[in-house]
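Structure record follows, encoded as structure tokens.
Think of it as A, B, C and D in the order they're written, each chain with its own count starting at 1.
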Amino acid sequence: MNPVNYLYLAALLFTIGATGVLVRRNAIVVFMCVELMLNACNLAFVTFSRMHGNLDGQIIAFFTMVVAAAEVVVGLAIIVSLFRTRHSASVDDASLMKL
Amino acid sequence: MSFPLLTATAALPALGAVATAAVPAAQRTAAKWLALLVSLATLALAVTVLVRFDPDGERYQLTENHAWIEDFGVRYELGVDGIAVALIALTALLIPFIILAGWHDADPLETGSRRWRPTQGFFALILAVEAMVVISFEATDVFLFYIFFEAMLIPMYFLIGGFGDRAHAHGEETAATQRSYAAVKFLLYNLAGGLIMLAAVIGLYVAAGNFSLTEIADARANGTLHMATNTERWLFLGFFFAFAVKAPLWPLHTWLPNAMQEATAPVAVLITAVVDKVGTFAMLRFCLQLFPEASKWATPVVLVLALISIIYGALLAVGQRDIKRLVAYASISHFGFIIMGVFAMTSQGQSGATLYMVNHGISTAALMLVAGFLISRRGSRLIADYGGVQKVAPVLAGTFLIGGLATLSLPGLAPFVSEFLVLVGTFTRYPVIGIIATFGIVLAALYTLVLYQRTMTGPVKPEVSAMPDLRVREVLVVAPLIVLLIFLGVYPKPVTNIIDPAVKQTLSDVHEKDPRPEVEAAK
Amino acid sequence: MSATAVHSLWTTAAEPITKIDAPKIEYGQLSPTLIVVGAALVGVLIEAFVPRRSRYYAQVFVSVVALCAAFAAVVALAADGFGTTKAHIAAMGAIAVDGPALFLQGTILLAGLVGLFTFAERRLDPAAHGNRVDSFAAQAASVPGSDSEKAAVRAGFTTTEVFPLLLFAIGGMLIFPAANDLLTLFVALEVLSLPLYLLCALARRKRLVSQEAAVKYFLLGAFASAFTLFGIALLYGYAGSVSYARIAQVVDGTVTDVDPALANTMGNDALLLIGGALLVMGLLFKVGAVPFHMWTPDVYQGAPTPVTGFMAAATKVAAFGALLRLLYVVLPGLRWDWRPVMWAVAIVTMLGGAIVAITQTDIKRLLAYSSIAHSGFILAGVIATSKDGVSSVLFYLAGYSFVTIGAFAVVTLVRDAGGEATHLSKWAGLGRRSPLVAAVFAVFLLAFAGIPLTSGFAGKFAVFKAAADGGAVPLVIVGVISSAIAAFFYIRVIVLMFFSEPKPEGPTVAVPSPLTMLAIGLGVATTLVLGIAPQYFLDLAGQAGMFVR
Amino acid sequence: MENLIAPLIAAPLLGAAVLLVGGRRLDRGGHWIGVLLSFVSFALGLVLFADLLGKGAGHRTLTQHLFSWIPVAGFQADVTFRLDQLSMTFVLLITGVGSLIHLYSVGYMAHDERRRRFFGYLNLFLAAMLLLVLADNYLLLYVGWEGVGLASFLLIGFWQHKPSAATAAKKAFLVNRVGDMGLSIAIMLMFTTFGGFAFGPLLGTHEEPGLVGGASEGKLTAIALMLLLAACGKSAQVPLQSWLGDAMEGPTPVSALIHAATMVTAGVYLIVRSGAIFNAAPDAQLAVTVVGAVTLLFGAIVGCAKDDIKKALAGSTMSQIGYMVLAAGLGPIGYVFAIMHLVTHGFFKAGLFLGAGSVMHGMNDEVDMRRYGGLRKYMPVTFVTFGLGYLAIIGFPGLSGFFSKDKIIEAAFAKGGTEGWILGGAALLGAAITAFYMTRVMLMTFFGEERWRNAPAPSPAEPSVEPAAEAGGEHAVPHPHESPKVMTIPMIVLAVGSVFGGAFFSIGDRFLNWLEPVTGHDHGDSPLSAGVITGATMVCLVVGVALAWAQYGGKPVPALAPRGSLLTRAARRDLLQDDFNHVVLVRGGEHLTRSLVYLDHSLVDGVVNGTAAGFGGLSGRLRRFQNGFARSYAVSMFGGAALLVAATLLMRAV
């Protein structure tokens, strides 16, 4: 089928992820939404790679996964420490600093 | 190359400032003497400049020219024409008196930390200001001028905000807040002006490609550098705005009364007699030389504003209750005269204006410093708190009166000459404006004499009954100024001789000629 | 498109595999980055094997040596002419070695070094149970206020991991402005960001705030990088490659070997424009431009002050470097599309930063907003799209970074019982208590305000001049106005320090170790030198103004 | 010989400098320095006079060029002195009368602790006045012009502890400033019109007319009117006369010298000196005559109502100067007589004032004539001298006033036409009134019963011997006594002058021939013969005296002033002209300044503070977006990204 559709899907996924970031409170979920956005990008890469007929896109996808993994490591560490301190993973609770 | 006299004249006080600031906290008096000596040495250098300057020689003399920031097309380019020489001399002359008058103004009351050294700071700052003022008079590179025009604000700011009159009417706390308000107001007004000017400076670079006043002026003159009318006008406005704030010109004047009111008398003198002169000087040197056409285009508006300043300042002076505010508004009125003279575009007007800068410096210094002595005795700035001082302190009153008479430009005292020249110079081109401006001399008499009458005459107020007359130090401050006022009033020729050629040059830059009298002399 | 037109991967697989020639890497030219990253790895090993007592010293030693060596390498490369004549693309087109890259790398390394000094400062906090401590949490993992934390403090633990983290971040920053393809750019972005996220969370005092800062920075940062990545994807889709040169060619339409099959995706401007916008947005987030700035105040306030200082300086340098390369090498063909947009961004950034700063009451937040405003000023130079523009930005960044680190270093000195006293009211009358510190801080503030004879003025002038030359006069006017507004709050602080009476229970000024003194001293020195005699450095930046493509 | 001109001015200037800078050490004998130096300059004056007499009538002009004062491009003002018959006349008057009054003051100010300064000021005045009349160009004249203003300011306010004195001094200076404005504008006009303002080239002489001839009449009228304004200020002519009455706050010698004999006549000098300009501007001349006529009546009427002896004399001064201005306004017919009257008036008015001072001296500073009476037997010398002055001023035949005033009245009629009749009539009427009020003064002071015996405690207007004077009850009832020689001698000398001066000048037209070369002269043909006019004058004189006798000689004078008619009350208040000034100028000015002060604060300053406040508010509002919620930050980023994309696409679209 037409690979362009995969692009639409990617865009859709990306938007869903972004929306999730905006609407969800739980830090973990927010983070997952970010991951979703990254994966949407991966899909886009692979699709384009297919369309262009060169492998760059696919390789980039691998890089992205690695980066995502690294982000998970760092991100979870931070989120968990926050959770242990406040006994809540709500992003909105962490609003000591404002104005 | 020869000895860099101009650099030395500016560098000496700068170094002096550093040295003074470095004097240990304990030796206050040492710091004072050091500052005084440095200022005197600077005066000596300035006199040397005066002597070495040849009125009939090159337009810019004693020039120095070194590379500085090629990328910005900026050069370290110094040179003085007659106008600059006169003003440098004035500055160097006044600073020693300012220091001497402020001898005790910065003796610390409150105990800060051991390292808190207000006295050293005070005198160091004064010298720093002197250095910057001098070099901005010398600079013939627009950028170089701009830098010090701006940098000048910082020491002034600390002088205004950091040191005020003792025994303030409403206690030290409110005094401090009012002081810092005045200081901030001063800084923001001038900084705003300066930043607008910065835009214009950049614009000038884009238009001209370098900053050398002489080169640009020549290029303008011989047509190699052509500016679009609008460009020139915008640039002019950018420059003029900054100078008008500094001068100050109505309606940008409101920082001056606050500043002069809150600052100690010597600092007030520093502001109005020395620093503000840079503004009027710059109008004459930069606005007119760089943007002759735009200057002529703006002349009517500027003249009207100047006229408003004259009358408005005088009227407000009449309405003041605070001695220093009164003097401040009087100065605003006088700056109106100066600016009017500059933009009258006649040799009388511009010579008068330049002479006025010098004379106004001396006369305000005399009046303000005596007022300062008066205030320091009674611990109040309110006119109503005085009365009958003349009886207890005749010398103080006498000097005060002479200062006042100079302010109302009585013939025989220096300011008369300049004021009359400005009036004539304006009148020859703009009779109506000239006539209205003449009302200023009546109002000047009004506010001066009202001030004198309320403070010095009448029955002796109990609070002033024990007031001591001028001390030796104070007489040493005032007497020379008065002598100078009388001398320049009777024999201004030495100054005019220096000024005239420069003014002729400026006038030719704007392609203007003095109007001819209607009835020519037969011969 | 018809299915037949599409390449079949199997068919290619069936063909005999052509030998992939081994990539050739110019290690020498990449040495700065390699040294730093290597040292970071060594740091990790130190954490693993060196006894706790001596870790601090080992780490500091390694880091200092590494940074100095890396800087030496940069200087060597520059001296070797890689900045100018020999500038070229190294590492199979992944990394550019040219003037801007080297200049920025040098700046970043110096900033990193100075930052490192503030990291290593251990005199400010009162010694906990007899062992000196720096401004980082004893044990990041332990819950604030818990027994485990107390135990950790009692045991005199210190988080010496900060040093390798710092080095990693620097490593990322070194690549960021040099990256010559989008993938490298993205990886570098992550490499510099992730350690910073962590560093933000490691404050010794006020840990809740610190952690909150970290979370916000992390989430928003990740969010932003997702956009960046999507932008990269679209650009890849547009050009069929991620290498700058290639994309640039496609944009200019000078590309020769277009496969007709791809014609309809290739050169599809929608992809280009959207992709470019998203990519730029990611970088604008890093430099803290309005409206992507909102993380800045919170993170700056929450993070440990040394980290804030380092971040504020080095990240900005790296990010602006990358932005310059992107706009000048990849998207010059699109100038007429992105310039107006960047104009708008620059204007709102300058004004927004300046205006909001007026009413700030916390010195760190104040400086955060001021840094936003400064991003706006620098953007004005970026927009100039001329050689002057580049060099002016380089110069500005160099001057700005030292002032920033110095200013934050001063902030670390003013302390009361609760650690640093960052609320402005506490700074009242500082000038009376310790004139020297106050004076130094005043110098930094004046530099921020762009008063003549300070580096701030020279930089601002250079940038505005370039902008005006580039025809962005209105931008200059706005810049001037917002500098006036900005001046107002810098002066407010000075008034507070010098003209208001000191409070009896006011903060004390800690006497720092030579490290912090050095940091501050360097700050003052550069401020004045770049202010009074900037010519040499302007030349430097001027020579470095050429991108290789 | 012309080198003596500068010393003429320098001598008193030196005195002033020495006395004012010298300090307390000169308190004891210093005043003699002042006296000496003023006599020195009188002597110099005489020498120069002799020299001039030695020359031919046409060549009696000496000029001395000292140095170039303000050399700026086309604007050249020199310090040059010009001594011709006109200025010579003034020099002698000033130094002569001045020296006498110096002498008189030695006695009068004997007990004043600040005597040294008083003499310093007097010398300063002499110097300034001499500069005024000797200047060779208008700008230099302007210096003297304001210099005398300063001196009079200092001397009126000499007793500064009295608020009334300080106020009067300020008022005098301010009103004069208004006049000075006129002078400076006139000078500017001259500069723009003629490119200069030196007498020689501007006014020319009879032989060759100066530049004035070349200018349009409009310009000349403008200049002339400005000069007239200046004259009004200095010579207390309507509408700028209000200061003179208050000026009597000064010590009596000051009133005699400055506010009667010399300074106030400077206006007349200015007009006569500028004759060439006025001759070419008839409209301006008409204005001058009108001013003169109005003032001479105004002053006379005011003089009738005042009970304060000095104020009464001040009124008379005003009106006498009115005569002179009137004469000067008549042009060449009147110039000479204006100056002649000026000189004679200098004698008798100074004499009268000194007499008044002597009376006050004896009555421990009582000034209210209603508390005098019958003083002739207590102070005979004063009575005789004062009486002679009295006869002179009312124009008793044979005395100086008779000659000079009579000539003016003739000239007024000679103007011809209705104007002539009106002016002449005014002059005649003035003569009558003069006779009336002077007789009134005479009677109230020296005749009638001795009202001071049962007078209430005196209200010393001039506590020259304060504070001791007020202390001690023996002063409750004054015991009049003659003044010391040092005071009476000058009075006698002046009396002699006022008796014979007029005759001496008029017989053989000495004065006319002396001045004619400078001022020019032509004999207008009067519609009435000289005899008729003289007769009319005599009639007026008799009527005036008779009326006065009827009111003050016949019946006793009430010790407290009766309410009096409406006119009387108005006259006591200077015909309400002062009140007008107060309401319109003073009050109005106060309101104006106050409102401006308010405006400056609220509007001009307010705008700036307003903008500052505005930014503050904006900042506060923008801050709220920074609400601390990471997700809202994300929203702004998302929105920003969207905007960025949209904008970029848009850019491509357009």
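In this section, a contact is a pair of C-beta atoms (placed from the backbone, for glycine too) under 8 Å apart; a residue touches a chain by one contact, two chains touch by 3 or more.
Predicted, not measured: the structure shown is a model, and the values here were computed from it.
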| field | Contacts common to chain C and chain D (chain labels) | value | A, B
| said: Show me the overlap between the contact partners of chain A and those of chain B. | reply: C, D
| note | Quick note, more Cb pairs in contact for A-D or B-D? It is B-D
| chain A to chain D: how many Å between their CA centres? | 97
| field | chain B-chain D separation of Cα centroids, rounded to whole Å | value | 37
| said: Using mean CA coordinates as chain centres, what's the gap between chain A and chain C in Å? | reply: 24
| At what distance in angstrom does the C-alpha mean of chain C lie from that of chain B? | 46
| Touching two or more other chains - residues of chain D | 612, 623, 626, 628, 630, 634
| field | For chain A, residues that touch 2 or more chains besides their own | value | 18, 21, 30, 91, 94-98
| request: For chain C, jot down the residues that touch at least 2 other chains. | output: 215-216, 219, 223, 227, 297-298, 488
| request: Pull out all the chain pairs that touch, please. | output: A-C, A-D, B-C, B-D, C-D
| said: List the residues on chain D that touch chain A in their complex, please. | reply: 623-624, 626-631, 634-635, 638
| note | Note: in the complex, chain D contacts chain B through residues 20, 67-75, 139, 142-143, 145-147, 150, 153, 157, 160-163, 165-167, 169-170, 173-174, 177-178, 180-181, 184-185, 187-189, 191-196, 201, 211, 214-216, 219, 589, 592-594, 596-597, 600, 604-605, 608, 612
| task | State the interface residues of chain C toward chain D in the complex, per the touch definition above. | result | 215-216, 219-220, 223-224, 227, 269-270, 273-274, 276-278, 280-281, 285, 291-292, 294-295, 297-298, 336-338, 340-341, 344-345, 352, 355-359, 485, 488
| What residues of chain B sit close enough to touch chain C in their complex? | 67-72, 110, 112-113, 115-117, 146-148, 150-151, 153-154, 157-158, 161-162, 173, 176, 179-180, 183-184, 187-188, 191-192, 195-196, 198-199, 202-203, 205-206
| message | Per the contact definition, I'd like the list of chain A residues that touch chain C in the complex. | response | 2-3, 7, 10, 14, 17-18, 21, 27, 30-31, 34, 37-38, 40-41, 44-45, 47-54, 56-57, 60, 63-64, 67, 70-71, 74-75, 77-79, 81-82, 84-86, 91, 94-98
